[in-house]
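In order of appearance the chains are A, B, C, D and E, and numbering begins at 1 in each one.
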Amino acid sequence: MDLATVIGIVLSFGLVVAAILTGSSLMVFISVPSALIVLGGTIGAALVNYPLSYVIGVIGVIKNTFFSNLDTPASVIDKFKDYANRARREGILSLEPLLKEIDDDYMRKGLQLTVDGLEPQTIQEIMETEISYLQERHETGADVVAVLGTLAPAMGMIGTVIGLVQMLQTMSDPSTIGPAMAVALLTTLYGAILANLVFNPMSGKLKTRSKEEVLIREMILEGILAISKGENPRIIEEKLNSFLPPKDRVTDQP
Amino acid sequence: MDLATVIGIVLSFGLVVAAILTGSSLMVFISVPSALIVLGGTIGAALVNYPLSYVIGVIGVIKNTFFSNLDTPASVIDKFKDYANRARREGILSLEPLLKEIDDDYMRKGLQLTVDGLEPQTIQEIMETEISYLQERHETGADVVAVLGTLAPAMGMIGTVIGLVQMLQTMSDPSTIGPAMAVALLTTLYGAILANLVFNPMSGKLKTRSKEEVLIREMILEGILAISKGENPRIIEEKLNSFLPPKDRVTDQP
Amino acid sequence: MDLATVIGIVLSFGLVVAAILTGSSLMVFISVPSALIVLGGTIGAALVNYPLSYVIGVIGVIKNTFFSNLDTPASVIDKFKDYANRARREGILSLEPLLKEIDDDYMRKGLQLTVDGLEPQTIQEIMETEISYLQERHETGADVVAVLGTLAPAMGMIGTVIGLVQMLQTMSDPSTIGPAMAVALLTTLYGAILANLVFNPMSGKLKTRSKEEVLIREMILEGILAISKGENPRIIEEKLNSFLPPKDRVTDQP
Amino acid sequence: MDLATVIGIVLSFGLVVAAILTGSSLMVFISVPSALIVLGGTIGAALVNYPLSYVIGVIGVIKNTFFSNLDTPASVIDKFKDYANRARREGILSLEPLLKEIDDDYMRKGLQLTVDGLEPQTIQEIMETEISYLQERHETGADVVAVLGTLAPAMGMIGTVIGLVQMLQTMSDPSTIGPAMAVALLTTLYGAILANLVFNPMSGKLKTRSKEEVLIREMILEGILAISKGENPRIIEEKLNSFLPPKDRVTDQP
Amino acid sequence: MDLATVIGIVLSFGLVVAAILTGSSLMVFISVPSALIVLGGTIGAALVNYPLSYVIGVIGVIKNTFFSNLDTPASVIDKFKDYANRARREGILSLEPLLKEIDDDYMRKGLQLTVDGLEPQTIQEIMETEISYLQERHETGADVVAVLGTLAPAMGMIGTVIGLVQMLQTMSDPSTIGPAMAVALLTTLYGAILANLVFNPMSGKLKTRSKEEVLIREMILEGILAISKGENPRIIEEKLNSFLPPKDRVTDQP
């Protein structure tokens, strides 16, 4: 559960509502047609921009900004110290019985290839291809949300221009100008809120998550290659620690 | 057929029209001269920006946002498992009779070079050059449409400034100001709609399509190189699967 | 002759003039001082931005957007098939008499180095340095024009702010406000037109041209290296064809 | 202590306050609700954009823009000349007793690995991984602050639009329009000040600091590799000097 | 002396002054407080953005946009043809007496290392490090000026919003609105002029200069490596010429 996403949305929307309530009723700011044109138009343009499956998939992608269950780097280092020691003492085949207990698909596949005796270079090729396409898929997910974040204010601006044109056409009664323009501005407001409080920050969180997941995978790859080359467990620990800031490193000193 | 493009355009334009109709007649928003300056000016500037053949080619490029007929990754993996097994059992020349049944030009050319006995490295050079220039051509196609997407709002803004200058020059009768400015704003509206509902999202879809096609070609290249190096069919399957998300992978388990 | 540039400029300027004439006389939009500050200020800032020779050179660069005389890829492939066959049959020295008939400096220099018996790797180094600095010079040319395209609207905006300040200072007579603001907006209009109809698209065409020329040079380099390594003419043809889209390839089939 | 950050903030905020006081009382520009929506909304959106620990960590990151205690490049060169001479004369193991006097974690770890007799290539891998992930963590820190710098004006704009809508709805009494719009503009002002005087420049300083730290680390890595390869102390000096501008180089000439 | 910078600044500022004088007195546009907030605020924010030494160093950096004394590429080629011939005929040590006559630090250091008999690869490493950090320092210099170019309009906008708020608060007397808003717009004007006529173009010139200097250094490096490998003088000439456009090349033909 990513509390930050929940707290952030509650905090920023709460403040926007509070800012509104200090000056007027909330009803003044609610307009179903304005919401329809901004949100619907954004989704429409997103469907032109991406295949259907990507736009539908965005719901799952956004869900990812609320949940997260990655291994910690420290637990990855601990596991590899254990595997490396075991492989050193009892041979690489001794890792085989452990495979089915490993939850992480990527780690299990890598160790399986190692136990199967593939060349380190072949393992590296396969596992790096996997990381680089994982990265590309993550990027696409974050990009879909970022595109929503550029379309929403554009739709808001289109809605406001439509409202302005209608207001200017019928400017005979000056007393209606103010309220008409107020309504026209609502789409701009909706677009700005959707983009800046929802889509852009969510796209940012997806990118941050992707970096963290890729870091974990690169540590796993480094560890697997080191094991398949039969490297010294202490060197493996040094290698994996070098991915981390000094304060997060795993050391044997008590 | 890419339904998303059709649905997206219908949805977003429908909502724009609906938003207009809630406040006025649609006729207020139709102005042939405004449409001419925005669309014509955009095309004119695009002709300065690109050679004639690129601008004419944009029609074909846009058609690509409505249609698509790529192989699925799964069928590519299936084919290569078949080829790899056959090449293992009966030798690489046994692939020759299959060549003429292959629809995909790229895959057929690659297998032809393999059957002809070229070095894997030479095959890789030729096939990678082909991918990288395909990518460049795709990029150019998407760029032409993206340039249309930056020119349209610029032309809209130029049209609005022209209208504003004319309105300001003849401001003697205040009652004409509103409608004159309304007309002046129409080019801004047209530019924003063309850019945000048509050109920019279409350029986005072309980029997404290009990535999907390049992914397929990179899988084909990986497969062909593996066959030409005589690699184990299981390793080939692992290699090709590593391009895909876990849920799309091809496995032999039932 | 690049017809597109001419047609594009005529079309877009024609439409702007037509848009003006539907609402007022053209004279309203002509202001020599406004033109002077936008164009002169743009040139002044460009002189701060680039050495004198670059700014003077921009005239020649812009001329390049109207003319073009590159070899076609197909003729490059034909020539190399011919050279490769000749080199195969009669030895590489048999190419020497052809050298003085070659128009293209780059191709002649490359073949000269080949005939002189330099190592393929040395030829590659020299010829790649040449391509990469050609590319850099092209980029600089396109960048100078692009900088003009960012300076022009900035000067337009400066001119408009100056006009606004003057209008606001002397707002005693309301009837003069409109025309004064109309004049102030002219520099914005000039800046937007110069940038969007002239400089930005011309910079775009220079980049497109550069890509086409670099493609030709990379094909020539590939061909020369293949000849200097004594490769099979059919392989050379395959290699050069891989730079092109399937429909532009040269094949021997009738 | 980074005096520039302190002087800069005092100078720019002082001038803003002075600019206000020449025209009105400061109280006109103080609005707690406006400050709340801009700052609170920015923090809220940042929490959606980054995990909780990053947003909390930003306080420590901002503190880094006020303090700095890096080794100077000259002292790094001096140390390595000393180490290199010692390693040459008395063997690499003679560096071991020095290790515990070294403050810098990175340098100590590198020398430790050298004294332990690891291959230069393994040392390079470990130490480069450490630099590249340090760089990534620095970048993330600067990015969090930069995102605050894009969110603040967005929140300011949202606050202003809310104020505008409320003003336009109740435009019956013209005398209230001015002050209401003045208040609405305050959030825009707060957003612009936060972004341009605080967040963006701080993000810039973090990037500059990161470059300086990475430079020092790259010099240390170069020095350690040279020692582990047993290179000549004069060559090591030349290598390390080549990272610096001529005037900062360390030479033996008096 | 870089005449273009001087001519450019005189021309663009002259045109701005002329544009002002056609409509009003220059005094209307002079406001010391406005200048103070824009320039002072820009410097203040720059001090937050960069360490003190960088901001002070910007004066020296800006001076570089007025002066320049680089070797021409042709003279570099001539020198290397001479050195290469001499090294061929009389051995590489014959270059030693020439070293003290060489003005350029970089060329002298490179030849010194060559005469000292270092491996070409070691020379290349040292000299490339020097180029890449020179490039980074140049980039930082240009970036400092570019950041001034983004801060100035931001400060101008902040000043204008402050003026607007004050004007709107005291809108009781309509006759004061015009002049008050005129004054408020002055900071926007100052910011736009500083950015577009001074800082941005100067940053551009620094980048152009850096490219020219790096080109010269890369030619020198290529020449030194060729000499240290004992390459043929004609090949060296070919290699160095390939950095240049055909019309600037040095040839022996009369």
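FYI, a residue touches a chain if its C-beta (ideal position, glycine included) is under 8 Å from a C-beta of that chain, and two chains touch if they have at least 3 such contacts.
For reference, the UniProt names are A, B, C, D, E = Motility protein A.
A quick note: this is a predicted structure, and the numbers were derived from the prediction, not measured.
> Strictly by the touch rule at the top, which chains does chain A (Motility protein A) share as contacts with chain E (Motility protein A)?
D
> Roughly how far apart in rotation are chain B (Motility protein A) and chain D (Motility protein A) when fitted on CA atoms, stated in degrees to the nearest 5?
Roughly 145 degrees of rotation.
> Centroid of chain D (Motility protein A) to centroid of chain E (Motility protein A), CA atoms only: how many Å?
That gives a centre separation of 24 Å.
> Could you state the distance in Å from the CA-based centre of chain C (Motility protein A) to that of chain D (Motility protein A)?
Centres of chain C (Motility protein A) and chain D (Motility protein A) (C-alpha means) sit 39 Å apart.
> For chain A (Motility protein A), jot down the residues that touch at least 2 other chains.
none
> Quick check of your reading of the touch definition: is the inter-chain graph here a line, ring, star, complete or other?
ring
> Can you name the chains in ring order, beginning at chain B (Motility protein A) and moving first to chain C (Motility protein A)?
B, C, E, D, A
> Per the contact definition, I'd like the list of chain A (Motility protein A) residues that touch chain B (Motility protein A) in the complex.
33, 36-37, 40-41, 43-52, 54-55, 105, 113, 118, 122, 125-127, 129-130, 133-134, 136-137, 140, 147, 151, 154-155, 157-159, 161-172
> Sort out for me which residues of chain B (Motility protein A) touch chain A (Motility protein A) in the complex.
2-5, 7-16, 18-20, 22-24, 28-29, 65, 175, 177-179, 181-182, 185-186, 188-189, 192-193, 195-198, 200-202, 204-205, 208, 211, 215, 222, 235, 238-239, 242-246
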